[in-house]
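See the structures that follow.
Shared between the two complexes below is subunit A, which has subunit B as its partner in the first and subunit C in the second.
Right, the complex of A and B next:
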């Protein structure tokens, strides 16, 4: 059985909603960038909007756009990945508890605070009783959601799934992660963050996103790409062991590293975490086109969802935007793309995609 | 693909105590874990809860953590239960190389119990106090703390579907083993009591000031609890390879969204009915094959009516013995699914029915009464476990006795 990306809805810090490729990349010169939001009023009625927090509005609209493109009203699964869940409402309820000393509290923020509010609000919006799940695991939150969908397809439980990665970065959470040295103090040009002077410093640019995929096991001319296989690893000791795992992963798909045309990685311009990508590229994929995507979307816990959008876009359009290239290897025909991300050299994800024409 | 998935180890901590032995003893003697708060510092100390009867310091000592270790109560409880399951399945000394081992955790509050104490410092850019605990706040961090203590996992993930988190984690573990992505999984959930949850549920006005009375006409809400429980699941092939005796087989699951309201269940119990029905279909079982239902049974007006209606929808006039054990453990939220699954499997293993504490009066909407007394010498061939969460995340699992 083959699993395809059928449609996408992407709200990010770029102009991506309803677009299958990026027409004009926007450069930022600040360390914390919020999403470019669509006019929610043109998608949601005022009654609905009043009850929805920012992340819910984004998630519902990116889901709507995705399902409309895919021509499906009721997916057989709704699965979300989110690193922080509905953090804005969590913060509001937490602050109210502390500021009012556990008195005079309203339930609204609590009700909206749980991570699974996103999947469940999408389900309520669609009146969809299908399989519904939510994952939250740091930098692999989206990939664990995708893994859930993947095994549901593989065990023949579903034929379609709406899988999303959703995260917002509130000013208060930005401050907290800043204290843990997640972010750069200064960003000169986000687009060249992986290659320019910004790549010499530690930390990343904080981004956000709400990115949904309609996955289907049906062949269709409009499919973006096929997701051949995926795998997640935890706490691999040393890059040699990681190289071995990647090789085994490719081998089980009857491929080896020379078959990979594009090696699309989670480089964020952080001089502490990017060297692992460089090393894997140098040792295993030197012949492949080496590309980044976080110079477009910034870093957030579900940024690999933007990576999957970028991978799907590259395979559908058959070309790699120059702004994403990290080397000069040219490929005439892109057949196989490996999407690789690691979170603090502790969580690793591999997603193997192939072009549908192949 | 057609391989069976077996349960080979159990671990649990709750208000009933530490480990399966203390849990069975409490169930047998009808000793509830619900009582006055001792460890959680809150203005609502008049609200009864079921706390795990150990302080953080005592657990740290048991696990040989230093005072400086950055770890939250959610993880501490999780380690106690995961360690028991790991040992019970014999994985410590009998873990063949090359197997892919996963730690699949369910939690929703994560490290909130510390965050709510340190929050003012967390969000103050000028403060350095407690900064390491910022990194311990998120749910994934809590899962990794547990995984790293046991220390042999190739895969770690975290499910967060509020009160059905643990059952959905068990479903993921089953599916990943079926699909060949894992050979062995330790799966379940953990959650500690927090002011965040206590105040949250309190604003919803669904906390009973007295011990909760699930499926009772006079029920007036739930009692919150805390705890952790894990099951070791492994493929048939690994069971044979390791020559271990399984406790039960996972027969099937259901997951459906009520899609009705963020915090209320539909009165007709649509999502709940669908989840149970799917689990029966996948297990290729008839309602009459189910010998015990471990209900979600929170004790709220809304849940028990909705769930009870769903049970009647599906089982008609022949409703199997059913109980909610939340009168014992309180509602352990994200851990509830695995806490109750472990209790159910202990019942299957030791041939008893867990009672539904504090029941006196039948609900007027329902045709059935829950199990009232600890009943021995009962054969459970197949059991059904329900867990329902905010957002209408409804899930059910069926486990089968391997001796029948």
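Right, the complex of A and C next:
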């Protein structure tokens, strides 16, 4: 069974909602950037909206846009990944406990603070009674959700699925992670964060996003790309072992590294974590176009969902935006793209995509 | 009393996250639950917390709720009589 990306809804720090490619990349010169939000009132009833935390509004709207593009009202599965879930309302609830000396706790913030209810809230909104699940697995949350869908498709249990990655980066959480040196002190130009002077410093640009994909096993002219295979790895000792794993992954798909036209990686401009991408590229994919996506979306737990949007967009449009290129290798026809991300050099994900028809 | 009603309306809008609703949209005598604003049981809990937090009034008897929360005016009347 083949798995295709049929439609996408993408709310990010770029102007991406309802668009299949990036028309004009927006540059930021600050280390923390929030999403460009749509006017939620034009999608949601105000009385319904007041019981939705910000991340749920984003998730529901990106799902609506995605399903509308795909022409499907009820997917056979709704599967989401989120690093932190509804952290904004969790913060409000916990802050109220402290500020009010454990009194006057507001039930709405408590209800909305649950981290693992994104898929179920989308399902309630859509009145969809099929399977739903939300994975909260830090840096591989989205990939775990995608893996769940992948297995369901491959075992012929579903024919359509809505798969998403959703995370918000609140000011408070940004500050907490800043203390752990997750973020850059200064960002001069987010678009060149992986190549310019910003790439010489530690830390990343903090971003956020809500990205949904409608997956289908049906061939269709409107499909963006085919997801051929995916794999997650944990705690691989040394880059040589990782290179070996990647080669084995490609081989099981009857490919080798020379077949990969585009090597799209999770470079975040962090001089401490990007060298692994450079090394894998140099040793295994030097002939491929080397590209990044986190210079567009920033770093967050489910940023690989934006990577999958970028990969699907590249394969559908047959071209790589110049702002994402990390080398000068030109490809006349893009057939196979390998999306690679690592989280803290402990969790690794590989997603192999092909243009439709290959 | 009018000042208290206006303040109460603003507090209700704020605590219940009634986006796009202004104090003028809420009639003093309009029912808060069912018709009118169409609030539900979770809103009732929010209003109980509001009464205690903002006005120092703790509702001990749940049976009183229906009467107190009938409208903004009835809430204001109760607050006026019991505020600390």
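We take it that the second predicted complex is superposed on the first by the 357 of 358 C-alpha atoms of A that agree within 3 Å, B and C clash if a C-alpha of one lies under 4 Å from a C-alpha of the other, contacts with A are read in each partner's own complex, and residues count from 1 in each chain.
Everything that follows uses one rule, which is that a residue touches a chain if its C-beta (ideal position, glycine included) is under 8 Å from a C-beta of that chain, and two chains touch if they have at least 3 such contacts.
What you are looking at is a predicted structure, and each value in this text was computed from that prediction instead of being measured.
Between subunit B and subunit C, more residues of subunit A are touched by B.
Judged by the touch definition given at the top, the superposed model places A:41 against subunit C, while subunit B stays out of reach.
When the two complexes are overlaid on their common chain A, residue A:140 makes contact with subunit B while staying clear of subunit C. When the two structures are aligned on the shared chain, A:107 is found in touch with subunit B and with subunit C. When the shared chain is aligned, subunit B comes close enough to touch A:172, but subunit C does not. Contacts of A:151 after superposition: subunit B is touched, whereas subunit C is not reached.
When both complexes are overlaid on chain A, the residue A:234 reaches subunit B alone and has no touch with subunit C. Shared-chain residue A:50: touches subunit C; no touch with subunit B. After overlaying the two complexes on the shared chain, residue contacts for A:120 are found with subunit B alone; subunit C is out of touch.
With both structures placed on the common chain, the touch criterion links A:14 to neither subunit B nor subunit C.
With the contact threshold set out at the top, residues 103, 105-107, 111 of subunit A are in contact with subunit B in one structure and with subunit C in the other. Within the complex formed with subunit C, the residues of subunit A that make contact are 41, 46-47, 49-51, 100, 103-108, 111.
Residue ranges of subunit B in contact with subunit A, taken from their complex: 1, 42-44, 108, 112, 115-116, 119-120, 122-123, 125, 128, 131, 134-135, 137-141, 143-144, 147-148, 153-162, 168, 172, 175-176, 178-179, 181, 195-196, 199-200, 202-204, 255-263, 270-271, 274, 389-393.
Looking at the complex, you find that subunit A touches subunit B at residues 78, 83-85, 93-95, 97-98, 101-103, 105-107, 110-117, 119-121, 123-124, 126-138, 140-141, 144, 147-148, 150-152, 154-155, 157, 172, 175-180, 231-235, 346-347. Those residues of subunit C whose C-beta lies close enough to touch subunit A in the complex are 15-21, 38, 42, 45-46, 49, 52-53.
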